[in-house]
Every structure is written in structure tokens, then in C-alpha cells.
Amino acid sequence: MKPLKKTETVFFSREIYSEEAVSLAAAVFDGRAEVSLSKSKGGVTARVSGPENSAGEFCNEALNQQCRLDLGRINSRIASLISTKALLSAAGDKPSARK
Amino acid sequence: MPKNISIEVSLKKYSPESVRYAAHSLGGEAFAYIKPLPGGRAAVELAPRPGRASAGLARRFRAELEDEKLRERVAGENRELREFMLLKALNYRPKPPEKDDSGLTPQQEKELNDLIAQIETEIKAEASGGASSDPLGITSTWEDKYAPKNGSKKKR
Amino acid sequence: MLLSNDAGFTAALTGADFARYAAGRLKTGALHKELAAKGFVREMTDFEGCAAACAKKNAFLNAGPGLHILVMTLRCNHKCLYCQSSAVGAAGGGKTDMSRAVARRSVDFALKSTNPSITIEFQGGEPLLNWDALRDAVLYARRRGRELGREVRLALVSNFSLMTEEKARFLVENEVSVCTSLDGPAGLHNRNRVFTGGNSHSETARWLKYFSERAAKQVPDYKTFNPSALLTVSRFSLGREKEIVDEYVRRGLQDIFVRPLAPIGFAKKLWPSIGYTAAEFARFYRNTLAYILKLNAAGKKLRERHAVIMLEKIVNGADPGYLDMRCPCGAAIGQLAYNYNGDLYTCDEGRMVGWEGDDLFKVGNVLKDSYRKVMLAPAARACAAASNLELQPQCSRCAYKPFCGVCPVYNYETQGSLWGDMPSNGRCALSMGMFDALFALLAKPASAKILKGWVAR
């Protein structure tokens, strides 16, 4: 017997969750639950259809994405320097400089 | 059935970022949802995950919120210094060991080293050639120098 | 209360002291002096010293992949319950064997790494099932390493069931270190590691003894290595900490690597019967460490490898070269997995995801792509970004951040995205449990003395 699908609607206020965060959460949920987003007054409404607790998990993911965006505003420069250094150290010299 | 919890917070006292971080940190225990309220407030709704209890959630949230407020202040005060330190670390090259500065030019140093080597060679040659290490006889006694060689000594 | 900073210094404070410190009221005394020396007091921070410490701890940022995993075959003659290697049956027909040509190209590719020292690790399935190609690759790697003046370490991960005297001699004489799995006493080991062709435990024990005896007699012509063993903790291991550790002592092993199971690959499907919660693993790890320390206090030499790795960072401020716990993680830029057909993946776990039909972690092919292209492949860049702790909301504010790392593959397999969501992430919970156990022991003088002795220079 297939697990029952539950459908819930959640409104994400623009004052707390950016549209980008909710969209990213919907992308993460691809394959896990059906999520359809629609713009509403003051924010975004998400219709989440999936196994039990899908709506709760989706709320957590939207919050996760928003927190990542918040952190990125402060730390993206130093994060980028670290990742770039690691990648370029691994990649080595540019082809023109190679012996 | 565990109870859902709703906690009201002031967005004048706590920034929206710190309220979000605090709610996010409880994601292992509960589903978190935040909605704005009139008058610069927000409601944080926490629904315990299946198998988890709601007891202590509100207290933990408030404790996390206070911690976030402290972190926000400290991080804000130190952000530029931290970036400065991390940039230094990313570009860090250990300093080479300092050379002793004798005050001489390289040419003078070479001449001095050559002179020292020459003297050392001469000393070695004298020592290995069997020559006395005391060519002026300074360490010899009067008897050694002037006593008759037939071995008799003047009796007193 | 534990404080830590980017330079890797830590300080343990009582609640009251922390309150004074946070309020700016801790301005004199021994504690203030200690905090100042460790970079926790802004006005007295030695930035040069902190930058140097931070650079030392993150030395891996200056070099490329040091670990190159060659999957010699997907065939295996074991059916381990928790197998994550996507192994197929031993018969297989050789279709999933790495050819000599691909193995040689893989060695050449590995030697292009910007890391001055590389390790080529032969894995599988069971790599001894493809002995000819393995043997050729060893000789080729040694020759090319000499020609290029490169330091090349060779390692073999095997279940030992197909080992012979001839093969063992070859490995020893060509300085190939060996590693196997030892999950505990025979009953437990064989339950986890099903071998229908015989007794997995007795083969493991037999060859551990052989390699240990060879390592005890160093010869001038080549270096010999002590064999190492890994413990994979399954549900059946829980509660049997003492028996497992005693087995390692009985076999004369000096290290035990307590590895938690991850719900990746085959283990994912069997998780309900072989898996456990993070809290259960934390209890297992604490009990195991406690027993190991007890043995140490009684004069027995045995170290736990995870602890050693973390202690290198915590106590020595060094980079232990452990790819799973660093920022960014070692995906592609720290290690590469070379599949039998030459496909390159960010890591062995990424390769397993590929075997399940999802090539998200594929970074190229050794026969077609340049080294630089592989290092800068989209998957490599995505993993570097996703595992950057500066952008992880929970990690960026965690006291264990200077010593920890996230795994994008784990996050993807369990939470649907490379970034994951740490508050509900199983691997984060496991790591925290291990750090909690270690720091609690470091706070006690007697156990701290033993632990610090494990990494004393």
C-alpha cells in the first residue's frame, strides 16, 4: 500500500523569508514532495503534497536556505577566497605557464 | 501528542537574522516556522518532530536567541579584524631564517673567510709536522734550558 | 563552555567565567592571560601568530589531491552487510575490472597532482580479484615515481581472502602498505562481512599476522609497514565495545579506526536493520574510548584513529591530511576516485552515487580530460562551495568548526542537497558526539595525558 499523501499550504511572509529562499527549498524538495509556489500579497504561498510531515520539513528547509542567504551576505567574501585558493592550488599553473 | 509551541519575540530587541538562526538551530528537534506579528514582533512556532517531546523547547529557543544576540554583537565588532587575520593566513609564507649581519660586504666576508682558512691550514701543518707547540720555549723550566746535559746535578 | 577560534586555539570556561568574559569584565588574572595568549582578547591578539597557526592548520589549501583511489574492480567475493562500494559478485566476467591501460593512465593522472606527495590506494570491490592489473600498476607507479622524482606512497585495501604468499611478498617488497577490515571477534566480524567461500575472520587474522611479522623485521632493501585495520560499526557492534577492542589487542594492532556507518550505497537500503542513531553511536564511541584509555593506563599501546586525527588538529594545530574533516572538504581537490572504466569522481562515496545512476559527482574521465579541467569541474567547484563552513549556518557558529568538516555527498544522499541542513544532519550529530567525547576526556588530566601522548612529537 502506498503511503498516504498529505497536502498542506504554508504562507511564507516576505518579512521573514525571501522569495529566493523559498524557491531554493522547493528545488531541494524535488523528488521528495510536490511543491508548487505562487506569489501572494506579502510573500509566497507553498502548496506541499507528500508523505507525513512534508510541510514541516519544507518549512525547515526554507528556514535553512534563508539562514544560508543571511550568512552569505556577511561571509561570502572570505568564503570565496578560501574556496578559490583551494581550487586554484589544486588546479595548478595555467596552461601557458606549464613547462 | 506533543504540543506545538508558539513563542513571541520582539524584532526590536532581536534582529530577524538572530531569530532565524535560533529557530534554525532547533531543526533536529522540531519543525520551525516564523511569521510576523504587528508592532515589530514575530511568532516562532515549533512543532516537535515525531518521537520528540516539546518539553524544554521554548527554554532552549530563548537560550539560543540570547546566544545569537551575543554572537551577532561579537561578530559585528570583529568582522573586519577576522577578515584581516584570515587573509593573512591565506597568504601566509613562513619567514626565512634571519642571516647574521656582520656589517661586511660580501667581498670582505669572502676575504675574511679565506684568511681564516689559510691560518687554520698553517696551524694544522705546524702541528702535524711534529714542530713543537712551544717554539719559543716559554713553557720550559730553567733546568730544561740550561742544566748540563750529562745528567749530573749540582749538589747543594 | 568551550571557546574556539580560527587559529584552532580552545579554552574551557565555567558558565560564570564565560559570563564575565562575554560582558567584558574579565580583565586580569591567569584566565585572562590564557585567553589573551590564545587570541581571545582582541586588544592583545598576536595577529601574526594567529595567522601562522591558521595557515598551519589549513596547509592543505596549498596543494591538490594527495589521495588517489583506484577502483581496480567492482567484483567482490564478500557480501558485507554495510557495503558501500557498490560491489558486484566475484564472477562478473571482468567487465567491471580496470584494465592495465586505464590503471597506467590513472597513475599518470595522479602524478600530475600539484601535491608533492601522493598516495595511490588500490580498492574495489576486492582488488586482489584483478591481480594482474594491480601488480602492473604498482610496478608502473614505482617506476614513474622514480623517473619524475616524486614521493609516491602505495596502499592496498583488501579483505585478504585471496592473499597468497607470492602476492604478499610482492606487496611487501614494493612497499605497498596494506589495510583491511576487522569488525571484532570472529562471530561479529563474520556476521557483518559475509564470505561464502570461507571464514572471513580467519583469513583476516592470518594475513594480519603475516604482515605484522614482516614489518617487525626491517630490511635495508625496502621499507616494511605495519598492517592497519578499520572497524565499521554496525548495529551488531553496539554494546560489544570491549570484545572488539580486545580483538584488536589480540591481533597486535596498535591503532583502531572506529568508523560509523553512513546510509550511502547498499547500506542505505539496509539501514533499518543495520543502522543506529547518532546518540547510539556516541555512546559506543565514548565506551570504546574509555576502554582504550583504560588499557593505555595499564601499559597497552592502542590508539583510536579518529581521535588521533582530531588531536593532531586540537593539540598540535597541524593538518592531519584527513579529507573528510576539512574546509572545504577534499572532494576532487583533496582526493580523486578512479572508477574501473576511467571515470573520475570527487571521492569514493561520490563514485557510489554514480553507480546508483546519478553522476552528479563525476568530474571527468582519465582517458579524455586534462588534470586542470577535472580540478575545476562543476562538481568540484560545487562541492568546494557547499562544504565551506563559512557559509554553513550551524557550522559557522559551532565551537568545533576549526576541526570539523561536512560531506556534500552525505548531505545529498540523506537530505537532498549538497549543502544539507546541519541541525537535522546525521553526520553532524555523529561528529558532534565524537568531539563531545574527546573534549570531555581532554578536560580530565589523566586521560588528557594519555591522549596528548598519542600525538606527541
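We call the chains A, B and C, going by the order they appear; numbering starts again at 1 in every chain.
Note that in this section contacts are C-beta pairs under 8 Å (C-beta built on N, C-alpha and C of every residue); 3 or more make two chains touch, one makes a residue touch a chain.
Treat the numbers as computed from the prediction; the structure is a model and nothing was measured.
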Taking each chain's centre as the average of its Cα atoms, which chain lies closest to the overall Cα centroid?
-> C
Consider the two chain pairs A-B and A-C; indicate the one with the greater count of contacting C-beta pairs.
-> A-C
Could you put a whole-Å number on the gap between the CA centroids of chain A and chain C?
-> 29
In whole angstrom, what separates the CA-based centres of chain A and chain B?
-> 38
Each of the following residues of chain C touches two or more other chains, namely 61, 393, 421, 423-424
Residues of chain B touching 2+ other chains?
-> 21, 24, 27, 82, 86, 90
Residues of chain A whose C-beta touches two or more other chains | 60, 64, 67, 70, 78, 82, 85
Enumerate the contact residues on chain B facing chain A in the complex.
-> 16-17, 20-21, 23-24, 27, 31-36, 42, 47, 49-50, 75, 79, 82-83, 86-87, 90
List of chain A residues in touch with chain C within their complex = 28-32, 60-61, 64, 67-68, 70-72, 75-76, 78-79, 82-83, 85-87, 89-92, 95
In the complex of these two chains, what residues of chain B are touching chain C?
-> 21, 24-28, 70-71, 74, 77-78, 81-82, 84-86, 88-90, 92, 94
Can you check the complex and tell me which residues of chain C touch chain A?
-> 60-65, 113-114, 327-328, 332-334, 371-372, 375-376, 380-381, 384-385, 388, 390-393, 396, 415-417, 419, 421, 423-424
In the complex of these two chains, what residues of chain A are touching chain B?
-> 10-11, 13, 15-17, 52-53, 55-57, 59-60, 63-64, 66-67, 70, 74, 77-78, 81-82, 85
